[in-house]
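Heads up: the structure comes next, in structure tokens.
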Amino acid sequence: MGNTFGHLFRITTWGESHGGGVGVVIDGCPPRLELTEADIQPELDRRRPGQSKIVTPRKEADAVQILSGTFEGRTLGTPISLVVKNEDQRSEAYTEMATKFRPSHADYTYHAKYGIRAWPGGGRTSARETIGRVAAGAVAKKLLRERWGVEVLACVTQVQDVKAAVAPETFTFEQVEANIVRCPDAAAADQMIRLIEQRRGEGDSVGGIILGVARNVPAGWGDPVFDRLEADLGKAMLSLPATKAFEIGSGFEGVHLTGRQHNDAIRNVDGRVRTVTNRSGGVVGGISNGELIHFRVAFKPTATVFHEQDTVDIHLENTTLKPRGRHDACVLPRAVPMVEAMTALVLVDHALRHEAQCGH
Amino acid sequence: MGNTFGHLFRITTWGESHGGGVGVVIDGCPPRLELTEADIQPELDRRRPGQSKIVTPRKEADAVQILSGTFEGRTLGTPISLVVKNEDQRSEAYTEMATKFRPSHADYTYHAKYGIRAWPGGGRTSARETIGRVAAGAVAKKLLRERWGVEVLACVTQVQDVKAAVAPETFTFEQVEANIVRCPDAAAADQMIRLIEQRRGEGDSVGGIILGVARNVPAGWGDPVFDRLEADLGKAMLSLPATKAFEIGSGFEGVHLTGRQHNDAIRNVDGRVRTVTNRSGGVVGGISNGELIHFRVAFKPTATVFHEQDTVDIHLENTTLKPRGRHDACVLPRAVPMVEAMTALVLVDHALRHEAQCGH
Amino acid sequence: MGNTFGHLFRITTWGESHGGGVGVVIDGCPPRLELTEADIQPELDRRRPGQSKIVTPRKEADAVQILSGTFEGRTLGTPISLVVKNEDQRSEAYTEMATKFRPSHADYTYHAKYGIRAWPGGGRTSARETIGRVAAGAVAKKLLRERWGVEVLACVTQVQDVKAAVAPETFTFEQVEANIVRCPDAAAADQMIRLIEQRRGEGDSVGGIILGVARNVPAGWGDPVFDRLEADLGKAMLSLPATKAFEIGSGFEGVHLTGRQHNDAIRNVDGRVRTVTNRSGGVVGGISNGELIHFRVAFKPTATVFHEQDTVDIHLENTTLKPRGRHDACVLPRAVPMVEAMTALVLVDHALRHEAQCGH
Amino acid sequence: MGNTFGHLFRITTWGESHGGGVGVVIDGCPPRLELTEADIQPELDRRRPGQSKIVTPRKEADAVQILSGTFEGRTLGTPISLVVKNEDQRSEAYTEMATKFRPSHADYTYHAKYGIRAWPGGGRTSARETIGRVAAGAVAKKLLRERWGVEVLACVTQVQDVKAAVAPETFTFEQVEANIVRCPDAAAADQMIRLIEQRRGEGDSVGGIILGVARNVPAGWGDPVFDRLEADLGKAMLSLPATKAFEIGSGFEGVHLTGRQHNDAIRNVDGRVRTVTNRSGGVVGGISNGELIHFRVAFKPTATVFHEQDTVDIHLENTTLKPRGRHDACVLPRAVPMVEAMTALVLVDHALRHEAQCGH
């Protein structure tokens, strides 16, 4: 269970690393949106292995195919089925994984839950699962942009201890894509790239922080109580592989302030209700207030490191495991489009929910 | 929308601050669980205003009544309707709220979304909304304890800059309840209480951090992909009023480590699969691994401060607002049972989901 | 489980016959709809026991109270909690029910499912459960009428073998309410009333057929595949107590025709797409076509008859049971508002779904 | 929306007649069930065009491929993606459909709802959509059979006015498959086949009735109130193309009986609670009682008839349409596996729900 996300713009992903492919079904997309593979492929290319020297060198084209839901280049209102075939399946590289649980991977937990596990390439635990999300997110992003003028964007702001200076209000897609680590602070980006290469050379890995923003979200999206916008964004981010933390607006830092310091004063600016500061992160009481939505997501260092580690085998005997093969030493550059995709999926769902309940 | 939480153990809360009452309907509770008001009231008493000198002095008994779903002291398997009547409704204290938006409260966002707003006491945005959650959580906690031996517990670990030393593995309910700030570190608790009183004296407020744990959760609960256990816990916490951040296991700190440092080695300990460290926080790939589940939640300082603040009125004219009345200078002591309730609701839902899909 | 109906206009009912009360929570109602108890009570009065000589003589006022979700007479967009207190609980009248399963009642199936059963008054199996539906349906009917000009109406067309002549296109609410059996054919109504009184005098009971219609539904409501409008209407009707069959448009009779005879020719009538006949019943492929929606629902004769019947007790020993007390000899007059309520709930949910996906 | 069915064993279908293919994603299937294409293909072959002289002569192999969710021939507990490629797409045969609405088809309603329509082959309104249901139903049937010993079966009992004599308790799969109309009454089957051929020769079509049964369902499956077993079965059947009516147990005929005549007396038979008659159809109060579940579904005559019919074009001008091409003159033989599939999907979902809530 648990492979469906969203209520009105609802996606269901499927696929293991080494099965026939991976994909997603989108149900609820409004009709008559112009949509072809060319709208989706660029996002998959940002997520793709082998795109640069600092990500896993696997060669996968990840070419998306639209199997249903469009006609003559426009959406029908019926389910959109997107499929990416699996390639480059060197399962022989992974044979030790068949009998040993990789530390801090989900091998043991899948085993404990299901009593069976598709070990080649990690099966469903593989990051290939996110292909469906990114593909669906590309549709959501297009819808947000065309219908509401909403822009969703993310970037890397920290790799291990290297921190970038990024202005959430103003950084651009071009700045993000200007370097292979997807950090708009060029100087920090250079350091990050060097650090990732160094760690990879050591057979080790690093994690870091991604900043996500949504611009031009109108006031009124989101629902109070359980489906607050920040709660749904938090869930969306924490559903991405390797994430350990989420904060919106002032986040953990906000606890150091008093209420007087923390509150965002409200002003009428040119006829529009604005806040003077934005510690709320664009969401108050679960509902957008028209300000920039900004949040940060922590990714742990990649669990695959090329050193011998203590573990147990499937008979629960103590043993050691030294992974071989290819893997990201830092997942962040490829995770940027994932963060954008999940953000867009949350927002488009709430946009439709808002119009259903309050759009009259 | 958005007032329902959970899939198999599903709750729907309702109620405004100054309406007829607040309550919750629980659908999906297994039958034959012993349940009376006495199982629920103690948790509401932990959440109640007026329980100590550091919380809001409003006098509300918050006496719960079971209107359906039990017979002769046991659950029927039918919906359990729990109601708490509203009392102490001095709406005259709030009249300025009728025409002005309180900064960093949800007044403006409700106005923008719905075009109408129950301003007395904050209406649905009032923390009274959490009564239904805490009441339902008491049922979930009892079920977890009796059926699976799972213990859910939370405590305050930080108030503004005052940090406590708490061992997630071993702190007890008795230690939590030993002081009015609900911090098991007695020395830190004293400082916290003094700080809260000081800020209140200044007409100001503070926030802080709550630690939540779940003990004895068996390996295998949770679902991969979207409904990961950590994602659902994150959503649950971020759906609580005033929360801004969530982290599980190593959280934001984990990004400073390399993969070699961060990975939790696995060992067979007395026939059971254990991890040597617990940076995962008890969840790997969305599924519990049998270790302690531990996470932290940041609460911003209370938005109600008794100083003049810039805002706009409902005609969008610039104005100022100086709140009167009574309010928590620090929401954390009363938020502890809320964190426990939401944790229990997530866990019991996943427990039932696990049994449905894999319990054979 | 299973106590929630609808997706965007979602209701959750609760309550047993002899508990503290019965009620419903409505989540997703649009804001700013004028709503007071006076909009709801008349529908409950149509459902109420004791309203005429042919229904059960129990005396229950069934006075509804709005506990949340409105402010100054208008809906807030937050959950609307409606409660009706239980009265007239003569549980001593039912003591034999504690130990014996009434034939064709749900006593045994509840026992088999839950291992516990609130036997007084039938507990959750009591028709009192439908109070929540009728109350929520009153809100849905008002919304349909005010926002889309849609009229929902039902009437009795058959009691046992007494059939009425009713024109689905033209019968009126006043005609329905003109007699106590709620049949707009006055002559048939007389016969029906006499038949019901006769059967009641015999300690027996009768069933019959209710016709439901929805007028002015625009083309385009409903969803293809699983959530077809006719499928959701069918589910809604078959969820009512004592129903055994549902047909829409030509229904079972339609199988006697060939395709040439059955097809509804399409014509442009005054600029609007109309069908010449309406064997489709206003729905094609799951989506409304702008014609009258009309369907029929079969209700079995009331299971409570005042004669000795074979059954088993809770120890599974063979025994006999002769019910005492009061009961409808024919449920149909009171079921008319239930059919209307469920119809309205289906339609308003699909109206909002349609606007969410296609309303641009 | 509306392309998902079920809660715990949840399927999402996708695909248009002339797109890249059709398929289904199953989420929630328990792990470790043996499953290969060979378990699914036979059901698709029963649904396939061209299987006999009385169904549409289109040649489609409808070969199913499992793209995910299994490993080494067993289910993983992850989503099972099943795909069937589209073939034989002679869209030139349908060009008139591009501009004219076929009477009693969903052409106009899709147009009204979505403002766009995949006209080749009927797009999403094509019966090809049911491939995903039948494929998923094959998995559900296997699970029901292996885990609970439940048998699901359906057969044709009426074609236009030709009625068969079928004993719901005892007819067998072999009898159903013994003739091409799937009616276990051999003599009636002959008449039905002749009638279908005659109507087809006339360019006309016929409808009829399918009987569905489920055997060995234990007492206790189903949920009271909205998700009653009969309500979910009714919805499932009325979601199939061309259905107009559903009845369970005594159905519409039951209204002719009094309560004394209609009630099913209960007896202890060899230590098991049984009913002497089965007018309930195996379900009381929404919950199975351990007796045979039996119901009937009415299918209207196929809307495609090869005669000139009045209609309007997409500019809403009056015109006529005379379909060409190939089509079933009677959909019933191919609908039998669809009825079985939907029955199995309802039952397996309720089986898992029952175990989640009450399986302790």
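The first chain written gets the first letter, and so on, giving A, B, C and D; residue counts start at 1 in each chain.
Throughout what follows, contacts are C-beta pairs under 8 Å (C-beta built on N, C-alpha and C of every residue); 3 or more make two chains touch, one makes a residue touch a chain.
Predicted model, so just to flag it, every value in this text is computed and none were measured.
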| item | value |
| --- | --- |
| Graph distance between chain A and chain C, where chains that touch are linked | 1 |
| A-B compared against A-D, more contacting pairs | A-B |
| Chain A and chain D, separation of their C-alpha mean positions in angstrom | 39 |
| Approximate Å spacing (C-alpha centroids) for the pair chain B, chain D | 46 |
| Centre-of-Cα separation between chain B and chain A, whole angstrom | 26 |
| Multi-partner residues of chain D (at least 2 other chains) | 1-4, 8, 13, 28, 31, 77-78, 113-115, 124, 224, 353, 357-358 |
| Parts of chain C lying in touch with chain B, wherever the complex brings them together | 1-4, 8, 10, 12-16, 19-23, 25, 27-28, 31-32, 65-71, 74-81, 83, 113-118, 123-124 |
| Contact footprint of chain A on chain B as seen in their complex | 1-5, 13, 101, 103-106, 108-110, 112-115, 124-125, 129, 158, 160-161, 199, 202, 204-209, 219-228, 230-239, 241, 243-252, 254-268, 271, 273, 275-276, 279-281, 283-290, 298-305, 307, 309-312, 316-318, 353-354, 357-358 |
| Chain D residues within the chain B interface of the complex | 7-8, 28-31, 77-78, 147, 224, 352-353, 355-360 |
